[in-house]
């Protein structure tokens, strides 16, 4: 039984994580910490792993305390840069065996989609990305879609692939999507939808489609729980949940 | 048993139509006519319906002969304009009971897709079109996708719908597709694919997707046979296969 | 501006309808009635249309009052049988011009899917239904999928189509799905999904797919609002939202 | 430039492979061998790699000759059992550096789909397989779908996952598909389709779909060419193309 503490437990994300921990048979929720609470409870309750969905202002103090007290950390808080990563590495170096996972995206279906896209890319002449989101989204395409396209572009370059075949001569402006590093990306905005990404690959008489659908705002929970279960076996700093998925 | 004559029987399309007629239990192929052949065979063989996939130069002569001899006509040949349509109407007026179907697209799944898109459009805040074609296609988006988008735009206008919701503020150029009459259209070019069109509609917590896939170059055959079977019950000129489908 | 009263306003469905009415520019929510409340408020507030999501025990009393006071009715309450329908028809006969819509399903994408499936069925040799639901669902396949399959079967019969082609000789038990009136129906149960239905039609070198996705529990709202807007133009009893959709 | 010989060059598959080699810039087709031809030409032409799509009766003789003459082999011929594999291993042991690839499936999108399905399986509570084929297929589900389901079942077992959630109490016979090692598999038979497989995974508020579409009968060609390019870097016997794809 892994003893879990949630930092930022009063937030929307933190409370969903706490509920997820409560439902899991192999995890025990022993501490919920909100802004202003003392971290001493983590030691009193003998916490094995903390989950941090707090703020860029709070997260480094939390990690300082936890790592130096031998507590593993799973972190979804944003605002990390190279300097912060180096600081975390230094703390880990001084506390052998402590694992820290920092990940920008815990939606396991999205993380797998991105990883599979990189793996598939070398074997297909063509690859394009179509993403679908609710119409209140401010940016197009989504950050995830741009990253996916860049991953495909990298994998193609490493494999020595050239440009994709495209005989288009006459095109309505915008019809062929945005060109991200040679990979075309299309963004659909659709009332009623949440967040969906589809990557299509094509070669001789066949195509491969990898599609990820998020139907709600708690799709990050299974990925966080995977992080909690695996972090002790990955000492030091790990960036990105994909490193835990054996990909 | 309907007796069928095929004009342009030596062409790729005509020969596929002839093969389709041969396979159908309720149709009998009694005449195959190629460029230069006399049309007299149509009378000798007592043809009920001709199918014309010839050339813009030949088609009007064929129709003149057939209509004025009481033979129904199913026409996929291109090059019709208002003047030609009027001429056909005049010939029909002089030959009561003769039916003529001229259609730009006989792929029945594509025709239904377009019709359903118009029917669905008034009930959804959002609608976008994504089409997929082989990478040798010269234009983007496809003519069918543009027409589908225009049909959706018309249906929205008639229903009094305004602009679709879209909060996009930051967009990579082209990511939101081509704007066809207010409907966004995205064109994917993919090795291995043939011709595919997907229309997505969205409203509160739901979406409706209508998708058409063509896997080969004979997808027009079932639509032509439907035309052959129905043309006698639609006297006069009909433009578009959808008029025969009870839509 | 249509003045709307909601009966069953305290229920989950009723309150979602009330919220939907409030958001619509052309509708005004003037009365919310819960179990035990007097219906007099509907007259005091000059209600044009009521929406009834109450109980089988309450609904007939509500309709008696409303129809006989000249108020149009949109009804999602269950428990109607031929006897009840006849009673409603009698009340309508005595109150010319009053419209009543009783519908088992207001999810507009599901209603359109079923209607399009019937329209498409005569033109394809093959048709199968695949539905996807959350794993807590007790029945398989869903009632909607069974009804869709029956609609397809009816349309095929009317068009004189025979059995679908299927050369299967060796099959694992269950692999070909349930046989509903000759139409194969497959039920997938999937954690994270809500309610989704896909109908696939196939003929020579092409397929047509109609897919409906419900992402949440408020997908009935747009259909109810369509009912409210249209009911005054459909005097007498109408059963099924599809009759209002011009299909 | 890799010098390639094709054995079984007169067959449908062999001739498609030959055409594919001819189109590739980095491969040179130097020998085409049909039943009855001498293999001496492979030595005369200094062949680097042979591709064998012949018959179970012919393949072992071909491999004996090629391996013992230092020629790498890519083999799609069927009929291998443990005894044959051991014989190939023995020949390879005696000819260090010679690579032999024997694969039951060269459709690269199908091979990737199966590999991704195994990788994804541990992270989702639910997984089901839906396959679509033309209606002339004799078995249901397809061998590929059964294998995919078994791979998912194995991966779930290794990860310690139990049964999938499924509350179904009332089911029409067959509606939940075939149960392959605990994974439900559904087979659709559809006029116009070729060979398509879809695997759906679900967990909290999200799903992942991996779909493979074969549009024609030459979808094996890119996988064979990948085999030809890689076989020299994989000495000894390799079974299954997936081992070459870095998965």
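Read from first to last, the chains carry the letters A, B, C and D; within each, the first residue is number 1.
Just so we're on the same page, a contact is a pair of C-beta atoms (placed from the backbone, for glycine too) under 8 Å apart; a residue touches a chain by one contact, two chains touch by 3 or more.
Everything quoted here is computed from the prediction, not taken from an experiment.
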Chain pair with the higher count of C-beta pairs in contact (A-B, B-C): A-B
For subunit A placed onto subunit C, the superposition rotation in degrees, Cα atoms, nearest 5: 180
Of all other chains, the one whose Cα centre sits farthest from subunit B: A
Centre distance in Å when subunit B and subunit D are each reduced to the mean of their C-alpha atoms: 39
Distance from the mean Cα position of subunit C to that of subunit B, given in whole angstrom: 32
Chain centre separation (subunit A, subunit B; CA means) in Å: 46
Of all residues in subunit B, the ones touching two or more other chains: 124, 192-193, 201, 203-207, 215-216, 219
Contact footprint of subunit B on subunit D as seen in their complex: 192-194, 215-216, 219
In the complex, subunit C residues that touch subunit B: 20, 107-110, 112-113, 116, 119-120, 123-124, 201, 203-219, 221-222, 226, 245-247
Subunit D-facing residues of subunit C, complex: 124-126, 128, 130, 132, 135-141, 146, 164-180, 184-193, 200, 202-207
